[in-house]
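Below are the structure tokens for one structure; questions will follow.
The chains carry the letters A, B, C and D, assigned in the order they are written, with residues numbered from 1 in each.
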């Protein structure tokens, strides 16, 4: 069967990782990516033999001025693909959607968009089936994906969830954003993250969120009020048997997010991607009818396998577990 | 009546602030402070006319080597005072206690000590009376004090509290401790902070804690399960009428801990002390039977007025509100 | 003689400090300040009894919407003053100048403006006389002021200066700007700071500059090629006798900028202002014909006394040393 | 010819990278590595099939307690190897040397040791020949290596060098060290780095050093007084033709150390190693008889190829350029 032709609109933190992941799939073909300017990321794409398109006509001069030959513009790319992965900054996906509709291509949007932009909000292990044959799918944000991965695994036990999210201020390659020395709360409590989880799984959840001066990972402090009894060791077993979730022990030196990223660096993962959600094993505990655990989310990469699985679902290339296993194998995801 | 003669063992972050506060009281006299070495803090004390004592015999050479004349050692100081405020690093207070007992002086310990070191764990507005006439009182930690201030004000409504504490990694004058770029969880959940609050007020509380790379303040994300209904505006009223608690509005520019500290700097508070617990007004919300709010704690100073009130209680110099009002007025605490 | 009536356009980091300093002078009167929005800084000004004006007509609605009564707009303020201190963001001063000319008031600009905006670029101890009677004076930037203070003191020995400036990324009350975890060089070498020093003193100087993730102070690594021999101890003597320059010893615990700011906090300086340039005593050394030293600059406050002295010079209220002594005394500057 | 049998004493930041590099060489064999405790790094080594030895007898219980089987202790490893690469913390190498002598194995030490520990201080492209056949070689520190790489390339033009080093506070996997928010100078000026460069190449150099709160890279601001004229474009040519030195343009988005590391991540370099010294092309400039440029050094990896080349020189396996080319090719060093 012909490979699905994939284009990436926005070759940034997520876009470049999804582009890489597509090249690792035997049932997909990367047709090209868009850039707004000829920076080192654009030159790297060209080195890799990836056709680079201008994100729109208006950006062409930037490329011409430095003699960077583009393969065309977004519209040209749209004519070449079966599906476009929109990895543009939050809110732009909605603006781009008419172009995709006009071109008659399927589209995947990221978590920065409103749920209404797509037919389904997606986390593979939670609701792969809902995306089967769909034209517009939204892969939820890194934080929502992280919450959904672990919470969907213990869904039967959940009466209520309260999660506090301690968010990294900027990505490692972003030297503009702050704060340098402050903690910034989202003063609207509960935050929007709870409802966002509910676009994927029907659980009772409320959240609050804070930004702190670090670049590596987000961290979630999760408290679950239990519908039925469970012991900590049972939850350990469940997470050990949950795909894209890994347990880490402080006792082995995983004292902070710094060592979690070092773990990914030791694996020689591309861009030190930690596709899996990292749960501190010692943090899993049950007190009365409450379960507690702490997890970390690699904001740069946890949604990458979700984008791949979403493509498969939208073209009905594979069933849920066939796709997840295929994606995991291709990216070196441990389980 | 004769002023209570106060000594400070450990002229550090807390010790120097308590020493300053003592000099602002008309019923107390600062006799002296101890230092382990003649650093700029020791020279500042001398400039201020505060007698400096060596924290122990072993440290005398350090002072002699640079010709810094000390008034004696800790034992000499103990002979001159009615009460010693132990502001030494966590755990040392317990080791020092026998010296205080031998000298027959009352002692205040800080939150770094186990509760068992003293007869009562203390937060003035919560349990001033319990310290009346006592010989050994423990002023609880900055975080425990912060939690107790707001939670004791709404105690009647509390069925259960879950608080997540996002802690500053180091004090502003500490250039040794990290992390520079990571989030470090306390993987033992619930953390020890909940039980510590229970040494002051009998509420059902569990906590988790994280360290992040900032120096300004700790931030608490608090969720309360309500015993009886309350509206957000009622909680606003309660906090507006609670001493040593202030409401701040993001709408007025208080977007992070940075602007809270700027508020204290604008007041020209000594060391930009923010003795009051800062609650973000917009964060106070009620959903069903749950109350949420976010507060920030100035780890360097919120316990300072507590040390002063503890002294008054231990010598029965004043009743609860007389002491709190006196302390507030002397330190410029707004309410 | 009537006090000089002073207005402040821009009540931010510098503006609010200059406003405070004006209120400490017996020959000046603070008439009012401008704000673009009714944030907590505006409310603080009102608490202090300082008339608040809208920075322009366009901002009036922001104040009306929250019922914050302003005394008028910038133009109204200009009608009330003899001189306006422009403390608006870099580059805006030049745009504002026509308003000042139209109103016929003298004006002081800050270092964010081009030198051409004013008749003279000013550092009191270096060229006070040049500002006598002038209508438009530019107080140079915090970094240029810092370099000029120490370099003008050793000017006779200077053949050539190379200074490397390690700059704080954001002010303590700024929670937006980064980087969180990177070092950002100014790749144009030499940087613009050298020529800026030359607008005040005629020395041969080149500089390079870097931004690092800290908020407290800028640090300068200075190398001077000597025109004639000098010993380190002579330079120590010179700096000890130089106003607005202080020597700090690492041996006494001044290991980093953190302890320098703690020094200012210990003095209970308003906003922990360190008006003086801080030179590490141990860093002053001479090797062959080269002198080396390291200094730190408190970007929030070192230019504040310069603004006050500039006002005096422009109205010929006092001669150089009379003004400097007066300003130093009023602000608690140590020497 | 038999492969050289290599052991690594200290499987940390440098040790694990050198171990990896050794496995990439066709003329060397990795025999084993030592660890002081069974943390995740030890488990990773075992996963990779690398024999793990206890760094000394005293550490055996730590491994036994968790059932981690070691291949023996350091002494056992020494019996199996031709050469040991000492990658222990600074100063320990000197203490370890007698063990190496007793075992009759050659040894490489790192830059944390005094030059006197070895017969030669080494940077391959500068003095490979000096290490031929030697028993004890010291690979100089990351900073010294970085300075030597670019300065040796323009050595003929150098009359005098002044370099200011802005150092990262902690490595990315270190969550203990600070400062969180300060700049810490080395107050001894000139710093020890200049003399350290002179252990490799005979140039006239002085340096100063500062620590700042970042984890990614060190940055050097370099000023060279020229012995003979050179133009910026000539220096660009020289660096473009210098091995293990790369030019980066801010114009292409390399605004800070964050984007330099992103470049290495884009290359999918193991641990995002940037073995090459990164020079900002726009920063290279000549003014009169002075040359300026700014470079960044990846402290975790730039010395790794040097260790490999040192092994070849010590066993005379190849001549200088044969070894450098071989090492570069094996590690994907671009030129």
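The definition used in the following text is that a residue touches a chain if its C-beta (ideal position, glycine included) is under 8 Å from a C-beta of that chain, and two chains touch if they have at least 3 such contacts.
Chain labels with UniProt names: A, B, C, D = Glyceraldehyde-3-phosphate dehydrogenase.
Because the structure is predicted, anything quoted here is derived from the model rather than measured.
Interface comparison, A-D versus C-D: the pair with the greater number of contacting C-beta pairs is C-D.
Think of it this way: of B-D, A-C or C-D, only one pair shares over half of the A-B contact pairs by residue number, and it is C-D.
With chains reduced to the mean position of their C-alpha atoms, the one farthest from subunit B is D.
Separating the centre of subunit B from that of subunit D, both taken as means of CA atoms, is a distance of 46 Å.
Centre to centre, using the average C-alpha position, subunit A and subunit D are separated by 35 Å. One simple way to say how far apart two chains are is to compare their mean CA positions; for subunit C and subunit D this gives 42 Å.
Along subunit D, residues 172, 174-175, 179-182, 184, 213-215, 255-256, 258 each make contact with two or more other chains. Chain contacts here are complete: no pair of chains fails to touch.
Remark: subunit A residues 16, 38-41, 43-44, 172-175, 180-181, 252-259, 261-263, 265-266, 268, 270-272 touch subunit D in the complex. Within the complex formed with subunit A, the residues of subunit B that make contact are 162, 164, 166, 168, 179, 181-185, 187-190, 206, 208, 210-217, 219, 221, 223, 250, 255-258, 280, 282-283, 285, 287, 290, 292-294, 296. Against subunit B, the residues of subunit D that register as touching in their complex are 169-170, 172, 174-182, 184, 213-215.
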